[in-house]
């Protein structure tokens, strides 16, 4: 099991964003999280990444018990939230190579990641501040590819991408899965997402149900 | 910590990566040179208006340099964490599972370099504006003082800046937490600078006792910062 | 305070009631003796009477901050990270800040009478003022948003940093004064010639204030637990409400 | 008594502050305790 949540409550700003979520995710799955805004999808992804304390219940991700030490899981997961986690004043190449230096990836890895995400030479020398929303998203995904996470947690990865970019993204996620990663992503683009996903979960009112 | 071993990245590499990232962003955005520096210069000029007496100004020049530096410290620290929080990069840093004490040193060194650049301009300004005479032995004392005091300020600045990063009301909380802590630096650096300037007939030799205090301060907060920073910025 | 029985105060017990009664009795004696029974001082005259509340307040404030530091270290070191340590640290700091405010106010009133000025840049006064601001900052950190555990971790670290900071501030202020102006400041305690009754009253003051401190910290710390429990119950209701947003459960 | 204002003032400040702290603590305790059962009151 990659992730196994049992009756997990996560409190955020005095509000139980997750109110007893139970689900399991097996290795190699591409799991779609669907549900209305404010249902708890973002909280679920952040909790999986070990960023939020588990108030009640038990959560085990990649063999780490989040109730005991939620920091241990962090190096093994890649999280792409609503924010891209980029530095707008740096160029695309500088952003990606910053993250690669932090985790010891090679220049070759950076090159490959940029190619996969279609970040051409011209784009890679552009400051992130001058990119379109979709281009920024691609840059952020490239940093995740460089990190070679075992579990990808993506919050609305399709948002802001054009249809070509979405195809590229789907291809990237599939090849990441083929390379041994597990993907969990939230999306409103139900048709496209269901095509991509091997399984989908519905999150409503802080509770997770199988769809 | 163990994670940086897992990936084979040494602490030094993380420090330089964070340091060069912060400096590169400053080179691009020019916040320190275009905004903080004029602000600090203005503070010095305003003091000249308020005190309106050449003798007094000459006497307090050292203190004014350090007071202007302190005010600038708050702004630069806020800015230093704003670049990490504006697009959620701080979250990514947390998730990356890297050694946060290395992030502490990287950010502190970057902050110290920005502060030193600022102080050089301020001190030159004080020498010109307030008509201070500087001897060779005074210059040696001054350089030592700037190095010790600035590294101490950088350590506490990043430590408490990390604590307040992303918190509500950080603009007011940061000075409230920082001001009492940096009081020893203000006192010691001011006295040492006055000794270097020879203000009020102070001897250069009087300044070296204060350098000792600054060194202790820097060591204390360098060590405690590298230990505590991780648990302060962590969610 | 002590008349508050179990029915009226949820945080009271036999023990706190006993401490409360004792504290009231000792405080009544201190006030009576300090204002009426003790003689004037040869040098300071009547103003020496302020000493019986000023010196014990200062003592309690410092004691409270030591407690905060010890409890914070306890939280960090203990494997279970028991929240009792955190509540103790917070309660003690709150009481300490109050007593430090009392110390500063009564001290400046006394200073006005003995020195003719409300404030002197004497090392001890200056350090005390910095200590006061530092712990106001500590209480502000406790109020930052976040989970209970986060609050405990942050504030424990800040409390221990304050312990490092205080000797540095004190030493630098001492050095500052000693190099720049002779020790001309009158020591408010130094020139008081104390007879037995004065000594006994001061000693009772320390005992009485310590009892008050214990009573306040116990009640405050229990109140914090009640607030946490009530919040947790609010969470139960919120979880039910939250789940009701979803499809039929 | 000479300087009575200062002396009484410092006693009033001291006792008043302590009393106010005590009363506000008890009030807060009472408010929060309404829904808390004795089981959670570890000191009983």
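Every chain is named by a letter (A, B, C and D) in the order it is written, and numbering of its residues begins at 1.
The definition used in the following text is that a residue touches a chain if its C-beta (ideal position, glycine included) is under 8 Å from a C-beta of that chain, and two chains touch if they have at least 3 such contacts.
Because the structure is predicted, anything quoted here is derived from the model rather than measured.
Remark: the per-chain Cα centre closest to the mean position of all protein Cα atoms belongs to B. Subunit D has its Cα centroid 42 Å from the Cα centroid of subunit B.
Rounded to whole angstrom units, the spacing between the C-alpha centres of subunit A and subunit C is 48.
Subunit C and subunit D have centres, each the mean of its CA atoms, that are 13 Å apart. With centres set at the average Cα position, the gap from subunit B to subunit C is 32 Å. The residues of subunit B that reach two or more other chains are 234-235, listed in rising order. Chain contacts: subunit C has residues 145, 150 touching two or more partner chains. This structure has the following touching chain pairs: A-B, A-C, B-C, C-D. Within the complex, the subunit C residues that touch subunit D are 1, 4, 8-11, 13, 27, 31, 34-35, 45-47, 49-50, 53-54, 57, 94-95, 98, 101-102, 105-106, 109-110, 112-113, 212, 215-216, 218-220, 222-223, 225-227, 229-230, 233. On the subunit B side of its complex with subunit A, the touching residues are 3, 6-9, 13-14, 16-17, 21, 24-25, 28-29, 83, 86-89, 91-98, 234-235. Considering their complex, residues 145, 147, 149-150, 231, 235, 238-239, 242-247, 249 of subunit C touch subunit A. Every residue of subunit C that touches subunit B in the complex is listed here, in rising order: 130, 133-134, 136-137, 140-141, 144-146, 150, 153-154, 157-158, 160-161, 164-165, 168-169, 171-173, 175-176, 179.
Listed in rising order, the residues of subunit D touching subunit C in the complex are 1-4, 6-11, 13-15, 17-19, 21-22, 25-26, 28-30, 32-36, 40-44.
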